[in-house]
Each structure stands twice: as C-alpha cells, then as structure tokens.
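In order of appearance the chains are A, B, C and D, and numbering begins at 1 in each one.
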Amino acid sequence: MTDLFQSDLSALARQIPPGASVAINKGEGPDVPMALAKEIVRQGIRGLKLITIPASALPVSGMMVDMLIGAGCVKSIETSGVSMSELGAAPRFTKAVKDGALQVLDATCPAVLAALHAGAKGQPFASLRGIVGSDLEKHRDDFKLIDNPFEPGDPVVVLKAINPDVAIFHARYADRDGNVWIGRHRDQLFMAHASKKVLVTVEEVVDRNFYDDEAMVTGMIPSFYIDAICEAPGGALPMGLDGNANIKAVLAYMAAARTDEGFQAWLDENVLAGAKAAAE
Amino acid sequence: MTADAPCRDEEIYANAIAGLLVGAKHVAVGMVSPIPGTGALLAREKSGGKTRVSILGKQKMLPWTDGSQELFDLAGQGRLDGFFLSGGQIDRQANINLVGIGDYPDHKVRWSGSFGSGYLYFVVPRVILFRWEHTRRTLVEKVDFISAPGTSEPGVYRPGGPIALITNLCLFEFLKDRGRFRLKSVHPGHTLEEVRDNTGFDFDLPESVPETPVPDAATLETIRGPVATRIAEVYPVFARDVFGIEPAKAPDAA
Amino acid sequence: MTDLFQSDLSALARQIPPGASVAINKGEGPDVPMALAKEIVRQGIRGLKLITIPASALPVSGMMVDMLIGAGCVKSIETSGVSMSELGAAPRFTKAVKDGALQVLDATCPAVLAALHAGAKGQPFASLRGIVGSDLEKHRDDFKLIDNPFEPGDPVVVLKAINPDVAIFHARYADRDGNVWIGRHRDQLFMAHASKKVLVTVEEVVDRNFYDDEAMVTGMIPSFYIDAICEAPGGALPMGLDGNANIKAVLAYMAAARTDEGFQAWLDENVLAGAKAAAE
Amino acid sequence: MTADAPCRDEEIYANAIAGLLVGAKHVAVGMVSPIPGTGALLAREKSGGKTRVSILGKQKMLPWTDGSQELFDLAGQGRLDGFFLSGGQIDRQANINLVGIGDYPDHKVRWSGSFGSGYLYFVVPRVILFRWEHTRRTLVEKVDFISAPGTSEPGVYRPGGPIALITNLCLFEFLKDRGRFRLKSVHPGHTLEEVRDNTGFDFDLPESVPETPVPDAATLETIRGPVATRIAEVYPVFARDVFGIEPAKAPDAA
C-alpha cells in the first residue's frame, strides 16, 4: 500500500490552502468531487480561485460550483460557463456576480483547455484560432493577440499556460499503489499533469496494480502525479455512478438557493449538519 | 405521441434545422440545445446515418477518446461541419452575447458564459444560430458583450461562421458578404409585420417571403420515433414536455 | 461493415501520392507498418517526405525507414534520430546523407511531438522550452525564436504545426465499423488527428463495435479519423506482437545493407520476390 | 555471474552513476544507454524503490499513459530529476553533438540525431553525460554541431543542465558557474596524465585527484542480481555480454 491514502475527507481538504487556484472538471461523467467540495465548505477554506475545465454547466458540476460560491469559498472563477444546463441558471453564481462579490475571468472552452494543455507540458503558452475581435480577448491579460511568427499579417491569439495549485476530482477506482483509473475522461489526466497538487476521491480502492492489465493502464493516471487519495463511495452524488444526475436533488438545491436564507438552510441541512453534530 | 397528433412548433423548427444540414458529415450539438439536437438527429435519420451527430452533455453518447478538447480539435482540423450557437443577445451583424446585459463586468443581468462560441464560430463552416424568444430584447442592434463576432476583418483566419438564425417567428439566412441577415421564411401563424416589429435590427428581404414548411407525415414519424428516443437520453425534461416520453433509463436514479 | 476496409495492401499503398509527407511512429510497440512499407517499395512510390514521430531508432522502425531510404522512396526526413538502437547505425540512412541524396530536417523529440500536437488541434504553432542556442534552431525555418508575449526578455522557441499528408501505422485490432484499437500507444492517436489521410494495417478485424465496451473505447481511434484499413496479420514483422523484435532478422538486414549490392539482394529476396513472381 | 567474479569496468561506472542520483525521485534513461540504465536501476535498489526509473525503448517497461510526449511533459513540469545524454562530440563547455562531424548538413560522418537532448538538457536538473570512448576525437575543444548547449545566456529559461561527465577514464563534474568541467576522480588503472593526454579541452583540477571507488560486495550482488535481470529486458545484447545472462523471455521470438 502506498502512503497516498488518507482515511478521511478532512485530511484531503486540509491540503488545499486558502487562496489556492483549484481546477475542477466539467462533470460529464461521475467525476464531480462533491463530497470533497462539501468538506471544503465545512472547513471554511476561502479565497479560492476556481478554474473550470472548461465549464461547470451540467446539473451536478454547476451545483457544486454554485454551492462553493454561495458558501463564500470562492474569490474568482475562470470559466467558459456556469449553469445547471437545461435546469436553469446557477442561482448563487448569478447573485454573486450581480453583487460584485465574485470576479469572473470569462473564457471560451478551447482556450481553457489549450492553456491547461500548455501547462501540462510545462510550456509558456499555446496558440489558438478564433477569439480575435471578441470581448473575451479585450478583458483577459493572459490572452494576447500577436502576429503569427510564420505568416506575417495573420493575427493569432496566444494564451498563457495554466498551472493550477490544486486539481480535485472523483474517480471510479484507485489501485493499491495509488494509480487512479479514469477511463476515457482524459481531462482529469491533463488536469493532473498541469497541477502542482492532485487530490482525488475514489469510489473504490481495489487490491491490485493496474499496470498488470494493459486495458486498465490505458485509462489510468500513474501514481506519481497524485498527492493524496481518499476512498469516498458516492463522492460524486447527486451524480450517480451511471452518469445520470439525481435531477430532483439538483432542483431542490436550486429552489432553496434562490434566496440567501434558503441557501443557508440547505447548507445547514446538507453540508454542515454532520460537522455540527460531530462538534457537539 | 402518435403521428396523428398536431405538429408542434418544436417539430417545425427541428425540420427547418435538418434542412440546413443536408450533406454534413459531422454535426455537434452543444449544451442546452434540445431543439437543435432534435434537428441534427433528424438530419442524421434522413441521411441514412451518413451524418454523424455528437451531442454534448452526456459522456456515453459522445464518440471522443481524447477528452473535452476533442470536439474543438475536430473543429480545428476542419472535420466538423455543423454546430449550433445561441445568445442572450444577437445583433444585426450576427455578433452573439452569452455573458450578460450592461457593462462588463458589472452586468445588470449575468448569463452563464461564452462556452465554445469564441472558437467554434470561427472554424465550423455551418453554424446555425437559434434563439426562440424573438423580441427587441434578444435581437438587438448591437450586443453589450461580444462572446463571438459574426464576421471578421480580412486577414483573420475564419473558415467558419453563421449561416442562419432560427427563432420562434422565422428563419433568417446570414449573408456573409453583406454581414447581415436576410429573412428566409416566416413560421406558420406568424407574419412579416410581426417579425419586423419584434426585431431590433434591420435585415434584408427576399422578393416574396415563403412560409416555413411543416414536416410531412413521414418526417413527423421519424421525429417522434427514433429521434425522440435518442434526445430523451440527453434532455429528459424536454423529451417529456414535447414528446411525452420518458427516457429508457430513469435519469434521476442516483 | 464499413467501406473503410481494403482487401489488400496494394490498394492501401496506392492512396499514398508520390511526394507526400508521411508520418511514421516510433515503434516501441508492435505498431511498425513494415508490410505496408514493403508495398510502398514494390509500388515504387517516390519523393516521400518522412516525418518520424519523433524518431525511428528502434531495431524494426529504424530498419523500415532505412529500407525506404535505400529503395529510393524518400526525398527528405524530419527526425530526431534514425538508428537501430543498440544494434548500430542505420546503414542506408548514413550512406544517403553522406552521398547528399537525402535531406535531413534535424529535430529534437519534443519539438516533433509539440508541432504534431499543434497540427492535431488545427492550431498554427506551439511553444517549446529548450532549443535556444542550439544549431537545430539555426537550420530550421519552421523553428523561430520569439520573445515570450507574456514576459518580455524571455526568449522562447515556437514551432510551426505539422499536418502530414498521410499517417501510416499497424495496430492490433479494428472493429467491424472501422474503429481502431491502439491501447496506450497515444502517438498514433495524435498522428491520426493531425494527418490529412490515415492508412492503417491491423493484425485482426474483430466482429464487434468497440463503443460497446468502455475499456476498449479508452484506447481507440474513432473510425471518422481513418481513411482505409487493411487486415495484415504479422504486418509489423520482424516486430513481434509481444513487442519483441526478431533481432536476428534485423542484424541480417544490417549486414546486407552495408553495401549497395547487398541491400539490393536483400530487397530482391525479401520485398520484390513476391511481386516479381506475381507479375510473371 | 557470481559476486566473486572480478569487478568489471561497467560496474564501476554504474556505481559512480548511482552515486550521482541519490535522492532523485524520478530518473529516465534514454535510448542505447545500458550502463546509465544499470546505474539508475542500482540507484533505485539503493533507495529501497523510492527512486523511480523509466527506461525508454520498451513500451511495457514504461509508466506512461499519454504517449511519447509524456517523458518530455514530465520533464517540462519539473517532475523528472535525472536523465542521461551522450555525444559523438562533447566540448569544453559541455555542448554536445549527436548529429555528425564536419559542416552541417554535409557531414563527413553522420550520426543518428539529437533525440530529446535539445530539450531535456535544458529542463532536467541532473543530466549525466556519458561517453565511454575518452579521446581527443570525442572530447573536443568545440563541437561541430550543437545538438544541445551546455550552458545558456542569462535570461534563457534553464532549470536543468549537465552535472557530470563519465568516460572510460574518469568522472568529471560540471561547474555551472564557470561553464567548464572539473575532474572528480580517475578510474582504477588509469592516471591523471592519461586523462590529460586524451582530453581535447582544458578542465579544472581538485587539490588531489581520488580514484573512482570500486563497488563493494553488497553493491555488486545487487548489480548482478535484480539490476541485471531488469536491464536484460531492454538491453539483451549488453546483458549477455556483461552479465552473461539471457532475458527471461527470448527477445527474438517474433
């Protein structure tokens, strides 16, 4: 057994310093680190600079980001979009922007991905077509319009590499040596390569080594990119293991989060209750 | 829903969208785009499966094997023919705004964000704009924030761009050379005057304005059969409301 | 069944136009397209601009490239290295350079990979640390030293994207719909994304669809990147399916290829014999 | 080979190399580098497995899951502590030439190519140079082609570079500040004079020149046991010649 394993979520969350930049993936699969996000709220870690890879606009990933914002953990968010997909707008995000309480670094999806990719390679910047003439370009210091060095008169945007302080995600399996299986969720791989620290919750730790099975190696992040792992069954809920969100749970959150009081009551019941009970 | 049920507006829109995708090899459908998804899947059925449709939002329905970047890489390589974009505001020059109303960053109203628009609008040859609320609030003379511009200056790499805009009143085509829209057809039950009254910008007119066609019986059957079943996997709420069907697998089983 | 399948290698090779740029992978696994390369020699396709991803310096990949050079198919080679690894130098490559019969675009491995990666993304260029002050930089028009747009006074090399006309490789499996399984040989995936045409030989076509099996999808190139596939069992020989090269066969080639006559005799016996017999 | 057999030169070199890698987290070994591979694997054994060693050339021995680029990406991220480079020529300033002798591109002699040197030399903190033929032909005042420069001008991003050069005569350390080598030890059976006579460039000297240590019995046992077994999987010819062992699986089974 490797020493990467932590026995509980609080030990994982303690490795996220206040003010850290934290990468969070899109959440198309059962990889939303909701349990860890709730622990971040319980520990009151503040000033986080979220970076969504490349957006948080699916019901559960949107809800997680919205909750972190509502709970006051987030100072800024670099994103191509925050919403609950077809369920509607993210209530706390919308309010925080209106109140001027949240800085948004507006991006477009491939720009976040290209900049993260440059970071994963340890390179200073990436080139990207498009963006020219948009207002995205005007408001970002880390997007620059240059002349293509190989074709004068061809304007191209270059993007400064992104290297998050911390990447967090939920995965299906870790093996006993700390290799993490992600299947074809390659975004987590790029996040892990690019980030200075990688904290992972997994559905299950299995007593084997994935290197013994070429099919598993193919969809795996090697342990040397990982800093800590905690087994947290259901750690992506209300995103189910089958990739289907519990829509009722998301709608209940959205209804509550429409008001400050409703959001606080939801937090008390769904996030803080356990911590309070434990503290009493 | 049976083929006898009256044709719904969503079905007229989807049918019009499918007509814009004839001959496309690969069409992708972005987030929160159930009617475009329906239109693209209809185009796929009509092509006998030759048009590939990739719908974002549900990993297991996507063909990617290289993460989220693959959609954009595919588009960058010129392998993606069609995509859909919307806007909280869309203006005369087809600039789109997905960010908010008022001065950036101090919006009066904040929307979700620009998503892939700032890139895909430049590189996908057939971008279809959709905005169901056709009002002077949504179709404006000038957007407050350009998530992605409708046209580019000469010299800017731009193999892609808008070809059409569909709303709950009509279908516009976009004239790239003139950098403005031309009305193509008005949906059944609506009038040119209504379109004019509700559009915040000036647009070109054809000699006569046809009515947007209603899908024929065979098309309706396809929409309500294989297309509806597949769309329900990504947009369960939409499929329930429009087609009255539930996805094969309960979406809220956590 | 998709119409991507070709019944024989000659139909595959005919899709490579004379003068095309052709990407070839490193050959660490059983993925060397040796059978197809022999067919290229038989068809006398000339003027090829090889691009090795990023080098051809393992016994069998080195041998394949050396054979193509010796047979007069190659006009130029962009590479970070050509050799037979510990077995020694590539004899026909070495001779062709000495004779001035082959243009070598000398690179360094990550530069080839970064430029191919930019090509796979449809972007104009990539940035790469290193190279500054080397003679590689001085001799390549497609390497340029610029000032980091985000940090004045920081010199950085940018590399023009590579988009080969054709990519060729051997793979373990294709499914009946033309999806190609490569396992964790990700280089082939980048080659396929970046190239205008992708021609693949496979050990075996299996009667299933890999999308039905998430473990297979993870290591797969979707069919829409592939232009033609030919089932060619043993298509990587003398590289075995277990990833071990038949060293005796490589050494025999190297001994023969030391002289023009020896190389021609080897070609006659190992490559052209079948074609001649068929033509008689 | 038993632990009683006399110590071979390769074992002395490997032992010296292992000494340069103490505390390294991840060391990679490039192509055609059997003695560096032996040294790195010895460092791994001595660290109790804490030093990870990745040997290029055989896919199944590599931990990568992102293709060939992963080695370079790992190095770019600062996650790779050690690597090995050689050169057909190596000069006073630790510039290395892997391309050829004479004017580029019309070489009198052409070598295989620069491989990863043009990048890894810049970003890996502990690059160990090796060149077993120690002559004025290989260790020259100025290389004919710079595959990778030993030092860089101020302002150039350069977290990595050479720390040492090992030959069949001696071990040099590289003084980054002075941009030149200093002799560290002379291998048993050789002399300072011999080193001087066969080196084409000037180098610094310590106050007294020690002899390169011969590995002790326990170290020899480790080299000839677990290290030899593993090196035979990638370098079967080397393992046969030096350790007299065959790989567990025949390498020429096609």
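FYI, a contact is a pair of C-beta atoms (placed from the backbone, for glycine too) under 8 Å apart; a residue touches a chain by one contact, two chains touch by 3 or more.
Everything numeric in this text was worked out from a predicted model, so none of it was measured.
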{"item": "Whole-Å gap separating chain B and chain C, where each centre is the average of the chain's CA atoms", "value": "41"}
{"item": "Rounded Å distance between chain A and chain B, as computed from the means of their C-alpha atoms", "value": "28"}
{"item": "Whole-Å gap between the CA centroids of chain B and chain D", "value": "59"}
{"item": "Contacts with two or more other chains, residues of chain C listed in rising order", "value": "114, 121-124, 128-129, 154, 156, 184, 189, 217-219"}
{"item": "Multi-chain contact sites of chain D, meaning residues that touch two or more partners", "value": "64-66, 69, 72, 76, 123"}
{"item": "Pairwise touch network: line, ring, star, complete, or other", "value": "other"}
{"item": "Listing of all chain pairs that touch each other, if any do", "value": "A-B, A-C, A-D, B-C, C-D"}
{"item": "Residue ranges of chain A in contact with chain C within the complex", "value": "114, 118, 121-129, 142, 144, 146, 148-151, 154, 156, 158, 160, 183-184, 214-219"}
{"item": "Chain C-facing residues of chain D, complex", "value": "31-32, 34, 56-60, 62, 64-69, 72, 76, 98-100, 104-108, 110-123, 145-149, 152-153, 155-157, 235-238, 249-254"}
{"item": "Residues on chain A engaged by chain B in the complex (per definition of touch)", "value": "26, 28-29, 53-55, 57-58, 79-83, 85-87, 89-90, 93-94, 97-98, 100, 103-104, 106-111, 113-114, 117, 128-136, 139, 153-156, 184-187, 189-190, 237-240, 242-249"}
{"item": "Chain D-touching residues of chain A, taken from the complex the two chains share", "value": "120-123, 189, 193-194, 211, 217-222, 224-225"}
{"item": "Residues on chain B engaged by chain C in the complex (per definition of touch)", "value": "25-26, 52, 63-66, 69, 72-73, 75-79, 123, 157"}
